[in-house]
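For clarity, chains are labelled A, B, C, D and E in written order, and residue numbers in each chain start from 1.
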Amino acid sequence: MLNIFQSLEISHYIYLSCVLFCIGLFGVLFRRNAIILLMCIELMLNAVNLLFAAFSEYMGDKDANGQMFVFFIMVVAAAEAAVGLAILVMVYRNTRKTDVSFLDSLKD
Amino acid sequence: MEIIILPLILSLLAAFTGSKINKTVWGLLSFVSLFAMVYMKQHYGIHNDGVWHNTYDVPWFSNGIHFTLGIDGLTGLMILLTNLLVPIIILSIQTNNQKSLIPLILFMQAALNGVFMAKDGLMFYIFWELALIPIYFICLLYSSKDAFKTTIKFFIYTFIGSLAMLASLIYLYLKTENHSFAYDELLSVQLNYSESIWVGAGFLFAFAVKIPIFPFHSWQANTYTNAPAQGSMLLSGIMLKMGLYGLLRWFMPMAGESIAFFQPIVILLAVIGIIYGAVIAIKQNDLKRLIAFSSLSHVGLIAAGFMTLSAVGIQGGVLQMFVHGINVVALFYIVEIIETHAGSRELSKLGGLAKFNRLFAALYLIVVLGTAAVPLTNGFPGELLLLKSVFDYNTITGVFAGLTIILCAVYMLRMYQFSMLGEGKASLKEIGLMKMIPLLILVALVIFIGVCPQLIIDQISPSIQKIMLEISNSKGVLS
Amino acid sequence: MNSIGLILGLPLAGFLINGIFGKNLPKSIVGWLGTFTVLASFVIALGVFNDLRHAAIPSEGLHFKLFTFLNIENFNVDFSFTLDRLSVMMTLIITGIGSLIHLYSIAYMHEDEGFYKFFAYLNFFIFNMLMLVLGANFLMLFFGWEGVGLCSYLLIGFWYKNAEYGKAARKAFIMNRIGDLGLLMGLFLIFHQYQSLDYSIVLPKMADGSTSQAMLTAISMCLFVGAMGKSAQIPLYTWLPDAMAGPTPVSALIHAATMVTAGVYLVVRCEALFYLSPITNNVILWVGLATSLMAALIGLKQNDIKKVLAYSTVSQLGLMFVALGCGAYTAAMFHLATHAFFKALLFLGSGSVIHAMHHEQDIRQMGGLKSKMPITYITFLIGTLAITGFPFLSGFFSKDEILLAAFDHNKIVYVLSVISATITGLYMFRMFFVTFHGTYRNHHHSFDKVHESPWQMSLPLMILAVLSVLGGLLNLPSYLGHNVSMKLSHWLAPILPMAESHAEMSHNTEFMLVGLVVLLFVLVVLYTRNKYVSKNAVPEEDALTPSTGKVLANKFYVDELYDMVFVKPLELLSSLVDNMIDSKLIGGLIAGVSTLLLAISGLNKKIQNGNIEYYLTFMVLALALFLGFNLFF
Amino acid sequence: MIGILIVFIGAVLVLFLGLNKPEGGMKTLSSLVLFLAGVLSLLESLSILNFERLSNWAPKNMIDFSKGDLMFVSLLAFVTAAIIAIFPTVEEKGSDRLGLMMLSLTGAFMMIGADHLVMLFLGIEVLSIPLYVLAGSDKHNLRSNEAAIKYFLMGAFSTAIFLLGCAFIYGGSGSLSLSEISLRMSIVGHLSEFPALIKVGVILMSTGLLFKVSAFPFHFWAPDVYEGSPNKVTTFMAVVVKIAGFVAFANYLQAFEALASWYSKWLIILAVCTIIFGNIAAISQKTVKRTLAYSSIAHAGYLLLFLITPMKANMWILFAYSVAYALSTVVLFYFNDKYSTKKEYGFGMFSGLLKNNQSATILMVISLFSIAGIPVTVGFTAKYYLFTSAFEVSPLAVGIALLGSAISIMYYFKAFKPMFESAESNTNEAHASKILFVVYLMVAASIVFGMFPYLFERCF
Amino acid sequence: MGNISNLPIPFLVLSFITILCALYVVTSKNPVHSVLALILTFFSISAHYVLLNAQFLAIVNLMVYAGAIMVLFLFVLMLLNLSKDSEPVKSNLWGVAAAISAGLLLVIITASFQKTGIAIMQGNAPEIGLVKNLGRVLMTEYLVPFELSGILFIAAMVGAVLLGKRDGATVQEIMDLNNDANNA
């Protein structure tokens, strides 16, 4: 199969991932809807996944570690999403809101 | 070890039996440790040769940190003071509704004995802190007012001081060859000048707060005033001595070359403290506050004497430590009696008490005179030696320090006059003879030491010489 | 050896027995015990005196070491005593007059509830005073020095229920302490210079000229400050008149005959030192002179019988210091002795009067007492004559010797001294005449009740009167013949090696000067007699005194001045330091730290505002910060 | 490994057995299971028992419990057992909360034993995900809800950052196994030769872990979440998450020992900031729980100091500190839970305690002393060891830490004011109730360990 | 970093799409649009996986993320009736702050690499990304995490159930309950 890194440097993937990651991060900071926040976090995770995959490919030589890691990240992301959505639903049931900026009763 | 364990056991016993057993019994029982001390001296065959003999030594925190107790002349005098005063302090308890007072005092006794006997840096620190705890609770539980505010200030203040000391100790510890806290090992550490200043400053801060030396005294007056009499006695009678003892035993030999750097500073501060305390004491209305500031004045002199690094100053200081313990405890005892029997300890509400109990008046007077350092009372020899040492160190400071004998007379006599003489506003209810006995013992000591101070000097002299040798050995300050 | 122990020990024993058991003993035993212990000391001292007369080396005395008081490195002080010619003289005066006053007190204090306490204190005072004069080193001297101050405090405040008395006692003690500080500093200097405090070591070294002048001056000034305090010289004299608050025997013993002369003793003891410090000598001279004049002037307007005597004492002490300043040490000692006789006599006499008048001390309330109290009257007269220098009484000789010395030293000093002596006559006779002559003026206390005192009081009066008359024999001037004269000078000569070089002046000059003094004396007597007996004038009420007199009556406002300059500022300072510096500044700093911490702590509320967006942003920024730092470092 | 197995099996058992029973019924069982796990781990770590055969089924490259790790495992098991035993259970049916807590504990074990970044990541998640739920397990309490969502969002966010770090490290070192990374790093040698990927990766990964241990400036979740969560969960969070986090942190940093001089610089700054911030912020807190939360932040600061010392030889110090921290924190949270009421959750809840319940007072006093580091409690011992070892690296930081512990007195001792006041008016009924034996045991342990500190070094 | 025109076209195109979609996720006002954009993003990332020879991941990504997780999101959005843009608009200031923070992080991370460079060796591509190979690794080397991720799922499942379980309390009751606590 073709190796993409024959015509590409690894740094391109690093930059791409970082950009994606920071977009997600920006979203987390910028948005207030908890669901969108969760989605942005998923986006961040995906950026990481992409990076892992790229590294894994770049290492070559039967290194499956990166891809395995991506696999586990996906596993965890699924579990996290489930729990996160459960929490969201619970909060929504109690407050009818998913806007995180309204949840500030706990403070100093 | 015995005199640490014994009070501890007694303390636990007292805690569990509660107030079922009369305080007198506990007072008498705590005298036991005095005998234990004598026994210990016999048992370990300790000679008065100035060496700090080990009496107990087991590994504790690690191989380098031992549980080491030692005894020499200086330590002996200090534990004598402790074990002599604690029973008296217990006997001075007037009411029965202060349940945990006796266990705490006994616990304190154990800790104090530990402080004075600890031959291992960390142990010293631990006992130092342990001694703080009971007194903290005594003050917190039984203070007359503002208990929390006063005690927290006191506690944090002294705690910061001790932490500074801990930092210095750790520094020294890490510098020792085989990581040990043993006193001799710590002594043998060679520090360069700036190191020794930092290390010395750490020690000094801890002791300066505890003593207290002038700008670090602000915990003192309120704590003394608000604390129950027993607390004040413990604080001023014995705990102050911890600071002075530390100054002599730990700070001065360990400070290295920097002692020359600290010497003028401490002496200056101490002398300022002498006058400062005395001046404030002049107008005080509350007897305990008055004694607090007088104490500030007196211990300042002791600290100054120590820092002159002369044999006269140090021995005089040690003597005066013992003496001040006796005097100040006696004074607080008297205040306690006045307060319980006359109902107030404010000078403006007192007066004319002399006519009610001649014996009390006489004993009070002797204690006042002892504090004012009249010859043939115990205050005199120490003060003489201290003033001489300060005078020899620097004439001007000597003269200023000497003002204490005038100012002390001013406020002590004022205190006596306004409480005892004149036409009375207050009356003194019958004082039982039992209550006079501790006072009698103290007064006997006031006279006895006043006449034969050399007996005590002989006890401490070899140890002091050894300490001075240690100071001079590592630092070349003394010729 | 043991005689010193006994001399000291007997009064101490008396003190202890009376002090501890006195409350339960009958008054007679207490009183007689106190008296006999002192008397016994006197007798022993007499024996020692006799021994010393025949001693092989006249400057040597007996030594007695009890134990080591302190011994640290080279600082070595023994509890040791010495009894040489000087101290035996002092001892005799102290114990002699002391025993008389004890005897007197038995009757005088008979009614008092603190009878046993009084005797205990008196005995204790004798003990301390003896320690002062017998001590073999400066520290022992200091012991006694402070000890007598203490006893003085106790006895002035003897009637403790009176707050004013307590105040006076405190004042005395504190003023003494100021002097004591000077003395203590002197001690330190001495030790610093000579590495010892023993007379036997220090004094010869002082004399041998090896000490620098500055050091000698410093030491002697320090010691003189001590002497000022004890001997009530300017500026530390104000306590002595106030000290009259104590019972009269106390005034007689302590504040006239013995304790106040301790300063003179000190200077004489350190004769070598003072002799070699001319600056100090001058200071002593002028201080003494000023004190003498000032006290005499104040004495002119005092109406309290004891106050008059008190100022007279201050004045006489001033004269003694004049003598010391002139280098006439023997003259000072001579006057010390005669003064002890007649001043004790006068005080006891006044005590007798006061006793008769039931504690009335104002001379304006007296008058015409001579008929009711013949013995007191006669003895008082003798005392008055003695102090004012009636020819051939003791005061005449001793005072003349001082005046001669002054004349020899400096003519201005002489003139001023003579004025002082003359004023002495004025106020003494004023008091004497107002008290004993004229008419009885007291309306509260009937004249019939005035009575002569019991024999325990009269006997000491008579003995002292005899001594006042004969005291001059101690040191008759040389013009009266070599066999009888200058006994005291010879006696003290071995102790005072330096001052021997006293220039002899011609007898003619002496006679002339003596004549002048006698003339002045006669004038004074005539004037006062005219004013107070013939015209029967009574001193005015204080409020009515004219301006100059008012200044005198108010003692030059010195007390007020001191109050304003020292006491008030000190109290103000105390409050200021307590309220401002201690609570506000230092306490405030500490409180400030915790307030600051709390304030900083409160800032956390701004960040920890419960809003997750803020948290996340802060976290990201912090992360960026770390990464950024990583970039550059 | 045995710990994970037992606790997991126990969790499943508890979940199934307690399906329709009240939670209280399963309390004993879960405590016993945890206790058993603790004992077995302890025995294994002391080389008395050996479970080699049991764990042979799995390859060793992922998870490997050293003797020291097992000590931590047993400590956490004991602590969790104690937490479950002493805190009251909810009245609902179903034992899901207990089960979740035990599952979370297995995550902690995984973190402790992790020798691989995947394992570390999984451990963190297994630890966290049940906790997100538990934080919100008081479903009808809005504060609990808020705590859950805050914890979850921030936790997930920090996980993402952590993962980015992992990716960089993977890219930089070419491996995910910590021992492998360590090996490669030691070959590279000089600091400047390390690729930037690794440094950035270490920072990002550390951020994730610093978040878990609530170090400044990643502490923001802690006070809010601690306050909102049910007391039992808060205690678990404060103790187990922190200890596991630090052990994992220590293990993972050891792999980068070659970078020690570089990262310890950062850690010192962080530690100092955390100590200062935690202590100062705690002063002005009104509620006990928040105070304890900030105190736990401060403790994270002290523990950060541990990370700059030579860790491998000093793991026993971390253990000692963990013991000290765990014992006193659990006891204090216990009393907070016991005496807080709906109306009073500030320090006022202790008012008149001395009068009403002396033994509780003594227990609290000792625990407060221990957490404040006053001799002769284990708190002092641990602090002493920690500070001494850190002193060699950075005396200044230790000085600030000492100052911080002095400041901490200001808030720890705040409790004494109401405790020793005689309160006639507001008597708290809860004061009268008995205190469980376990609490006595823990307080006694903190004294015993304080008196015989040599135990730690010898047994570890 | 080479010249951008030298880069392979698929990479450029895919990256462009990815970033564009990601930006839309973040900025879209309507949550449903966000979800859809996110799914698109995932698709493009899957394409990247294919480029990177991670075929298995590409499939799993589509299945798990786009298939399962995103559907879950959508489902929840619908369930909670949040499809409208109910979110109040944040102030621009906040957006700027967030952008600055995120941008700063990005700049710094990339700058870190610029400064010191990236040093990893380059290898050639095997067929590791196929299920067969990955499965072997998963069942040997990664057995333990694989097993233990079961714990994760149990926990997540139990947790979701615990939170999702309905009980009797009405919203009003809950409000009252919490108001009490807040007022106290």
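Heads up, the rule we're going with is that contacts are C-beta pairs under 8 Å (C-beta built on N, C-alpha and C of every residue); 3 or more make two chains touch, one makes a residue touch a chain.
Quick caveat: nothing in here was measured; it's all calculated off a predicted structure.
Enquirer: Smallest number of touch links from chain A to reach chain E?
Expert: Step count on the best path from chain A to chain E: 1.
Enquirer: Strictly by the touch rule at the top, which chains does chain A share as contacts with chain B?
Expert: Of all the chains present, those in contact with both chain A and chain B are C, D.
Enquirer: Going by the contact definition above, tell me which chain pair has the most C-beta pairs touching.
Expert: A-E
Enquirer: Most central chain by CA mean?
Expert: Answer for the innermost chain: B.
Enquirer: What is the chain whose Cα centre is as far as it gets from that of chain A?
Expert: C
Enquirer: Suppose chain centres are the mean of their C-alpha atoms. Which chain sits farthest from chain D?
Expert: Centre of mass proxy via C-alpha means gives C as farthest from chain D.
Enquirer: Roughly how far is chain A from chain D, centre to centre by C-alpha average, rounded to an integer in Å?
Expert: 27
Enquirer: Roughly how many whole angstrom separate the Cα centroids of chain C and chain E?
Expert: Distance between chain centres: 101 Å.
Enquirer: Give, as an integer number of Å, the spacing between the C-alpha centres of chain E and chain B.
Expert: Computed value for the inter-centroid distance: 69 Å.
Enquirer: For chain D, write out the residues touching at least two other chains, lowest number first.
Expert: In chain D, residues 118, 122, 125, 129, 132-133, 136, 139-140, 142-143, 148-150, 153, 157, 171, 174, 199-200, 223-224, 281, 407, 410 touch at least two other chains, as defined above.
Enquirer: Find every residue in chain A that makes contact with two or more other chains and list them.
Expert: Touching at least two other chains: 10, 14, 21, 24-25, 28-29, 32, 38, 55, 58-59, 63, 68, 72, 76, 79-80, 83, 86-88, 90, 94, 100, 103-108.
Enquirer: Scan chain B for residues touching two or more other chains and write them down.
Expert: none
Enquirer: Looking at the whole structure, which two-chain pairs count as touching?
Expert: A-C, A-D, A-E, B-C, B-D, C-D, C-E, D-E
Enquirer: Okay, in this complex, where on chain B does chain D touch?
Expert: 59-62, 122, 125-126, 129-130, 133, 140-141, 147-148, 152, 155-156, 159-160, 163-164, 166-167, 170-171, 173-174
Enquirer: Quick check on the complex: what are the chain A residues that touch chain C?
Expert: Touch list, chain A to chain C: 25, 28-29, 32, 100-101, 103-108.
Enquirer: Spell out the part of chain C that touches chain D in their complex, as residue ranges.
Expert: Checking each residue of chain C against chain D gives 594, 597-598, 600-602, 604-605, 607-608, 610, 612, 614-616, 618-619, 622-623, 626-627, 629-630, 633.
Enquirer: Can you name the residues of chain E that touch chain C in the complex?
Expert: For chain E paired with chain C, touching residues are 94, 97-98, 101-102, 104-105, 108-109, 111-112, 115.
Enquirer: Per the contact definition, I'd like the list of chain D residues that touch chain E in the complex.
Expert: 4, 8, 11-12, 15, 58-59, 61-63, 92, 94, 96-97, 99-100, 103-104, 106-107, 110, 116, 118-119, 122, 125-126, 129-130, 132-134, 136-137, 139-143, 148, 171-172, 174, 195-197, 199-200, 342-344
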